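Both complexes shown next keep chain A, but they swap its partner, so chain B is in the first and chain C is in the second.
And now, the complex of A and B:
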């Protein structure tokens, strides 16, 4: 949950990048870190395995400016995508305010995307959060692989598999090339902060 | 978006005062009151130390959450002591409420036993003065 500190005039907002293993969640954060380094006081913290896979979570804090007199501090997290880390993903989702779901556009990952989205829905429900109500953006990552002759799912297929009921904003992207990474992030931030504005107005 | 922890300026002032008196004054170099989502509610230090408190809070919440799950797996409700000993500085974790954690970073000049006593007093005072902190 967003933490409003009336003394510091500061709001901490938690945005989690979710999705199947090797889908590009960490690559998204790495790109954001490279792009906004001059605005990031801390560093990108990554708890990884020796095989460079996310073990616990990645964390990146980013100040995005002032809204209604409050300094908004975004806290970006990624979760470990591998199926065996379900319990860890639930831990990281605690207090989430917004989600970016990073889907893998590779055709052979189709089922993993669907399983991961169901996993997100279940884990949100353990915190009484509804996937249909939480600020959510979908990213269809790895579109750059098309040029290398790798079979990708079409946008239509991804929308049908993942977004038919959710009707969330979605972006075709390449986290590796940096295409639509910032756009995804900005949309997620704007949806999340919009849901916060009413509360900030009441606080005054 | 949920806002299950809401503290006004007066409550934050009271909590800061308690933490300064009970902990910073005995030599603790950093005190963090955080929620289990990894957000920083209150942060205080001795004026000489500067840690990346936001990253520390995120990691501390994750750490505490993971350890709590491990406790449940082995049939424990929770562990009474969560403490990491360093060569120079150490970290002590305490649960304040179901949603709040108190983190203390301290050096060798502060004994763990004394710290635990003062932490317990601080937690009692926080709960008394604010009624109940959190949901």
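And now, the complex of A and C:
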């Protein structure tokens, strides 16, 4: 849940990038950080303790500026996608306000996307959050691999597998190349901040 | 009225975001990855696809697919010593991962990607001199050796930890029963701690399973020289109930430590933002 400080006129919003391991969640944040680092006051903090895999999480703070008289401070997190870090994933979801689900477009990862989305649904439920109600954006990542001859799932298949019921906004993207990375983030921020509008007005 | 309010709010947010993420005055540092070759003609496309899909949660099927693809390529390149050696390296690491699954050393996955990167570099550069090809291969062989050493060290350190340190729960049990260090109760403490000698005996007792033995029996590429040995056999799992208990306790301790570290980070961030 967003932390609203009426005295300081400040809101902290938590947005989590979720999805299967090696799906490109960290690459999304790295792209944003690399591209806009002169405008981002905070630092991308990657806590990596084992090889180059995200075992805990990456964290990127981003000040949006003033909206409705409140200074909006976004906090982006990624979660470890590996099955064995389920407990950490759940912890990172605590207090989440919005989610970007980064699916891997590779045909070989079809089942893992579905498993990971189910995992998200279950973990949100432990915090009394409904996947159908929380601001959610889907990203179908790694579209660039098609040029390398790697078999990818079509957008239609991904929509059918993951978004048939959710009907969330979705983007075909390439985090490595930066395609639709910013668009995904912008959509997630606007959906999430809009979901807080009522609370901001009440506090204001 | 409410709709108008929403529109104003959304417009304000959109405006802020457009300003924040505008393309003016930015340096695009995003990676510019180039495709090595036409996928229709590139013989290693399937290998790359399989390697890219390797994950912790990967199934035996995918790993078997990897080994099968390596074997298929080996049949195509029996006379190309350099490519064949790269494939052998892939095979050794692939079999090790297949045998250890999620407990494989994380760097082994990175090594697979690194070996592939080097193989691709050699394969797409027909004009490359043999000396250069050998240099690239040697660099990967060195990484292979380094990983092998890391695995051996990690195994030794884990074994030493299990041999020397009695689990915390046993220590507290001892305290509860007021057992002094000078007068240890042979029935409780020492009997539950595996001695180096008994540990060695245990290792000898549980021979490496045939599939793992197969993985480790893989010969190193000729180019690597005679001193290159296959990746070490995976650790033999503890077999007795006591060892399982010790193992489980270590796992629980690690998990608790991890969760506390996450909580501490959370708290730090909260304090920082207050």
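By our rule, the second predicted complex is superposed on the first by the 202 of 204 C-alpha atoms of A that agree within 3 Å, B and C clash if a C-alpha of one lies under 4 Å from a C-alpha of the other, contacts with A are read in each partner's own complex, and residues count from 1 in each chain.
Throughout what follows, a residue touches a chain if its C-beta (ideal position, glycine included) is under 8 Å from a C-beta of that chain, and two chains touch if they have at least 3 such contacts.
Every value quoted in this text rests on a predicted model; they were computed, and no experiment measured them.
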Combined model on chain A: chain C and chain B, fit or clash: clash
First (chain B), second (chain C), both or neither touched by A:73: both
First, second, both or neither for A:172, with chain B first and chain C second: neither
Partner touching more residues of chain A, whether chain B or chain C: C
Partner chain(s) touched by A:114 [first = chain B, second = chain C, both, neither]: neither
Contacts of A:97 with chain B and chain C, given as first, second, both or neither: first
Contacts of A:22 with chain B and chain C, given as first, second, both or neither: second
First, second, both or neither for A:4, with chain B first and chain C second: first
Which of chain B and chain C A:64 touches, first, second, both or neither: second
First, second, both or neither for A:195, with chain B first and chain C second: first
Chain B versus chain C as contact partner of A:12, first or second or both or neither: both
Chain B region in steric overlap with chain C, selected from 60-68, 78-86 or 114-122: 60-68
Chain B and chain C contact sites that coincide on chain A, given as residue numbers: 3, 12, 47, 56-57, 59, 73, 75, 87-88, 91-92, 94
Touching residues (chain side chain A, partner chain C) in the complex: 3, 12, 20-22, 31, 34-36, 38-39, 47, 50-53, 55-57, 59, 62, 64-68, 72-73, 75, 82-84, 87-88, 91-92, 94, 106, 108-109, 112, 144-145, 147-151, 176-178, 182, 185-186, 189-190, 193-194, 197
Touch list for chain A against partner chain B, complex: 1-7, 12, 14, 41-43, 45, 47, 56-57, 59, 61, 73, 75, 77, 87-88, 91-92, 94-97, 129, 135, 192, 195-196, 199
Chain A partner contacts - residues on chain B that touch it in the complex: 1-9, 12-13, 35-41, 52, 54-55, 58-59, 61-62, 65-66, 69
In the complex, chain C residues that touch chain A: 6, 9-10, 12-14, 16-17, 19-21, 25-33, 35-36, 39-40, 42, 45, 48-50, 52-53, 55-57, 62, 102, 106-107, 109-110, 255, 258-259, 261-263, 265-266, 269, 273
